[in-house]
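Please find one structure pasted underneath; my questions will follow.
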Amino acid sequence: MKVLKLKKHNLNDYLDSLRVWGEVYGPVKQGEKYIYGQLDDLSKLDTKMLRTILPVKKFLMPPKFNTFTFDENKYKAELENIPNRIVFGVHPCEIHGLLILDKFFLERFPDPFYGERRRKTAILGLSCVPDDKCFAKSTNTHYVESGFDLAFNDLDNYYLVWVGSSLGDDLVRIRLDLFEEDIKEKDLKHYMEWRNWRDSQYKLNVNLTAMPDIMELNYSSPVWDELGDKCLSCGACSMVCPTCPCYNMSDQIRPSQFTGKRERTWDSCMFKQFALVAGGHNFREARSQRVRLWYTHKLKAFITEFGKAACIGCGRCIDTCPVDINVKTVVKALKGGK
Amino acid sequence: MANNVYLPEPMRIVRRYDLIDDVRFFQVRPLEMERALQLNYLPGQFMMVSLAGVGEAPFSISSTPSRPGLLEFGIRKVGIITEELFKLKENEVIGVRGPFGNGFPIDKFEKKDLIIVVGGLGAVPLRSLLLYTLDNRDRFGRIFFLYGARRPAEMLFRREFMELKSREDLHSMLTVDKDDTGRWTEQVGLVTALFKNLKDIDPQNTYATVCGPPVMYKFVIDEIIKLGIPKHQILMTLERRMHCGVGKCGHCVIGSIYTCMDGPVFSYWDVMHMKDLI
Amino acid sequence: MEKSTKVKFNQIRIPALARVEGHGNITVEVLKGKVKDVKLNIPEGPRLFESLVIGKTPEEATSIVPRICAICSVSHRYAAIRAFERALNYKETKATHQLRTLMHYGEMIESHALHAFALALPDFVGYPSAIAMVDKFAPQILKALKLKKFGNLVMEVTNARWTHGENATVGGFGLAPTHKQLFDIKWQAQELIADAEEMVELLRNLSYPTSMEDGIVFMCLKPPTDQYGFVGDRVLISTGEEHPIEKYKELSNERVVEHSTSKRCRYNDRPYVVGALARMNLLGERLRGRAGECFKRCYSLSWIRNPLYGNLAQAIEILYSLEHIPQLIDSILKKIKTLETDAKIQKQPTGTGKNVGAVEAPRGTLYHYYEVNRGIVTGANLVIPTTQNFDSMETHIRVAAQNLLANIENKPLAALTAQERKDIELIFEMIVRSYDPCISCSVHMVEVK
Amino acid sequence: MNKPKVGFYNLSGCSGCLLTILNCENQLLDVFNGAEVVSFLMAQSNNVEKELDIAFIDGSVTTDEQEEFLHELRPRTKKVVCLGSCSCYGGVQAMENEKGTWLKRFNKVYGKKPFKVVKPFESKPVDAFIPVDYYLPGCPIDADQFLYNYARLLRGLPADVPKTPVCLECKWHENECLLLKDKLCLGPVTSAGCKAKCPSHNLPCIGCFGPADESNLTSEFSLLKEKGYTFPEIERKLRLFGGVKFIKQFKSLWKKAQK
């Protein structure tokens, strides 16, 4: 893989130059949290961000978007007006999340709505330093080798920049003059030191390796009932989780003519009507069953299906659930094995 | 995008009539013949049927791929989409996409005996299997067809199945829980009672397929197990809520299983070892 | 909707007033050619808001009171905020004041556009509704809708929703608008000025019936500067008097009447009028710019005798508000960097105190009075514009009835042709509508002690 | 095809829900062209009262006259749709319901010799008198939600309103969670549909869309208690807009809480 250097003070100029390719997004402070916001004004960029409220999935399958417009029975897919976008500041764990979504959406029965957005979204990764809610080291998602177009590694006054795709290479060429190509011995040393230091910064460890078995054994554990009593069914956990893909469909028409659109919105298995079928039968009526499904799906089913858990250790659920139901507490409760 | 799995394909309703009180038969075909010839699917698979402005819902295919060019459905009026479908007349156009789901493992059935057990609406997908095996009669061993309905008036495809009774290469048994007409010529009793008529079953060489209302499964499967048929040779179809049919929307998830892709046909072994399946 | 009470032989009755907010009906009794009794009956259900706010925090009360009426919800919110802030000694920051003014303009534009063009105008051109007018007046109706939409946009940007937004509250705003949003409003306002002027002309060229003309007393708030405006702490009266708003009780003298769930007001035992027409009569001379020119072009002595000019006054106020938005936004944008903090809600109101706050709602002067004890509301009194206008509406209907009957030689009512009856009824309705009554507002407000 | 006949009615309320319809300036012609609007007192004067396919009602029931009207309306109407929290739940004016203080409050406001035009009573939702087919909550309703459902209803489809809580839409807007900042936010127990307007402006949800389909009040209560709020304080907030529906839900909670 090609590796380059970019002086830190050149970052804004570089990002600015990328506008020739597409809209530029990056971490922006919102209150005390961060979001990926449009960088019409680069002074808003805040590279010290930890996790954003919503993950990059919001660009690839927005919370609400049209899939088709129709009249009578002619359907036209809405794939044309998707803009080119550059998202800067994506942390390694989240890129792992993207790789999971890629598998999910692009392998069996490729989803064109996701695919087209993915193709038109350049992912510019950025190294990070964990806080007490990150546990990417436990999930082994704290480094990433693929899934990005460029990846920036922050080393004091410059970035090491990995070029991860041919698009990434094109993007570099937009301002090649800002980059340096000769990586020296001392850069390597610098990088290794940084890695060691950064690895030592992980304070939270959540071990997921034994989860499939533990979950199986805990199928009827009272832990689920306790969690179910507490859960607000607000669905926030699913919204913020980088690997939650579930959605709902609804057709919208105009009052006076037969034209409309088929809209797709994020859904959550935490909601009561998620598994409700015609005739009123609900396969997961109780909240405890829903909480159990959520965690079973992330920590067990994905391992069966894709060989690894669908948790990337980003800590968003820890940061989000008002009643403290999250991978950390659930795993702890299950291992505590009541 | 050439292949958009979500894009409904317009199909015309060519025939439409009531099978029973609240279940209607729909025969549809693509607008163009070229496309009709390409239709390909397996018994046990389903299609997503779209009504613009109303929504989409999954329905099992009831026709057999051995009689190409057409798709047939048996649809029960239970909710929003089905109600609107019932309002449609012949020659109107609906959106259809698919086929989805695993379907029955026809190849594994080859040279084997087959017991097809049906309750109520389960006749819709299993008719596809039955007709397929009859159309390819020489590829399969003996075929037993067991169908139980509550009353004669509630038996789907009654006339069609009655006519099949005359076939010598098919052991067809039809039963009703109660005969309220006084003119019923077939059996009366639960479908499980028909099992005593199954003779000389070679369990290792037999597949059983079951589809019907949830209450029926337990009892029917008990009977099949009594015959000694291995759990992985007992197949059943399951239902869940679905909005995509292609393992994306998440509504049909059970543990690690997406009913729409890994099912809707499951073996009894799957059902036993995967929690929450039924 | 109303009970189908039989119309008596000596009555003209309009069973359900259309194209007004809320429920009202009119009965006029005539005896031997003389109008004996005029009643604007208000059967609107009481909701007892004054008692609902007791025991709540000022913030909660500020969320509750706008629900009195959707059409002037922003004014209710603003009046409540002013009352609470005056009672608890809060000083609004300049940024907060500017955003509140902008929000208030939004309501004026929306409410006036809805009333003047969609509810009142159809009468003058002989249609049952604005939608029905589309056949012949499509460009005008579309312009009216554009203006109304713009008013809504301004409220949405400043207050989070068209109706019952929660963003403006005691102490400031939850979130200030962005540069882009404000700039967009400015941009659109500039564009709409020409449309607004055209609508003023449209209304100016209508023919105004005169049968109800009679002298009226007007009242409105006196803006603190020598300009036109919609807030103030003093009240101007067309008799030449001026009073502080603290004297709102003596100015309005609310009383209960049998035929209405809304109370009634008088000043010095005379009906008086508040609203756009009152403001024009008292402050119109202060208008500058195109609104000022329009005022000069339109104003005549009839304005002090004929309530129907209220519609035209509203149109001029739309123009006034539109003209002021760009300069207001320019001045906000000057300090956009700190707008967010400058307009942010100050501390939670926990103090003790009592006071009145007033704003000009689209329909006239609106007083809110609260008593707060350690952060909990213990007393409330609200005086609503429509309540203040009811007596005047009845007076004008009485004058019109007398004159119209005289025109047809005081025929007994039973002898009126259907057309004659319809014509009379239309005038009654036009009178009521010209006040832009907001009936659900008017119903619930009286003092709780 | 005959257009469906619809009527828009207003009982005791602020008319904000009907105003919301009139505020759909861009779709207004659509709204009036898609159906035959036979009665809409607030917007037109050529109203006739006859058989209806759909009646939309905004406002709560507070007088005998309104009650009679509902009984007259129901038999001639195929579908009755409640617009807004007043008709769905009783509205803000129902916040003190079932405390037995109505008459006292009424007398305080109107004195001993009140009006005679109508006989008033404590605010009730429409379904306290007649069966209601669909509910579109909100104070006021959301315009997009109305237009979506209006089109559905005209086509003969049932209404479709969100059953999820405000938090869902709140997260879509990427707001900082106010509950986590110890504010008393009713988002988790309030029905979505408003596009999380308040939390998006740093203001806690005050519950104007009424209870969500599945409100875990017990958990919300204990969470808020941990954060230092008292039961009466929380109850007061929930009563503001939750109307009779929340009040029913507390009753059982009260019992539990007192244990």
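So that you can tell them apart, the chains are marked A, B, C and D in the order they are listed, and the count of residues begins at 1 in each.
Keep in mind that, in the parts below, a contact is a pair of C-beta atoms (placed from the backbone, for glycine too) under 8 Å apart; a residue touches a chain by one contact, two chains touch by 3 or more.
The structure presented is a predicted model; accordingly, all values stated were derived computationally and were not measured.
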item: Pair with more cross-chain C-beta pairs in contact, given C-D and A-D; value: C-D
item: Rounded Å distance, subunit B centre to subunit C centre (Cα mean); value: 66
item: Between subunit D and subunit C, distance of the C-alpha-averaged centres to the nearest whole Å; value: 25
item: Averaged-CA centre spacing for the pair subunit C and subunit A, given as whole angstrom; value: 51
item: Centre-of-Cα separation between subunit D and subunit A, whole angstrom; value: 37
item: Per-residue multi-chain contacts in subunit A, two or more chains; value: 250, 253, 260
item: In subunit D, residues with contacts to at least two other chains; value: 29, 155, 202
item: Junction residues of subunit B, two or more chains touched; value: 53-54
item: Each pair of chains that touches, named by its two labels; value: A-B, A-D, B-D, C-D
item: Touching residues on subunit D, where the partner in the complex is subunit B; value: 155-158
item: Footprint of subunit A on subunit B - complex, ascending; value: 1, 3-8, 10, 50, 52-56, 78-79, 82, 93-95, 239-241, 243-244, 246-251, 253-257, 261, 275-276
item: Partner subunit D, residues of subunit B touching it in the complex; value: 53-54, 80, 84
item: Subunit A-facing residues of subunit D, complex; value: 27, 29-31, 33-35, 147-148, 150-152, 154-155, 160, 163-165, 167-168, 170-172, 174-177, 179-180, 187-189, 202, 212-214, 216, 218-220, 223
item: Complex contact set, residues of subunit A against subunit B; value: 67-68, 70-75, 77, 79, 104-105, 108-113, 115-116, 219, 245-251, 253, 258, 260, 262, 267, 269, 274-279, 283, 289, 293, 296-297, 300-302, 304-305
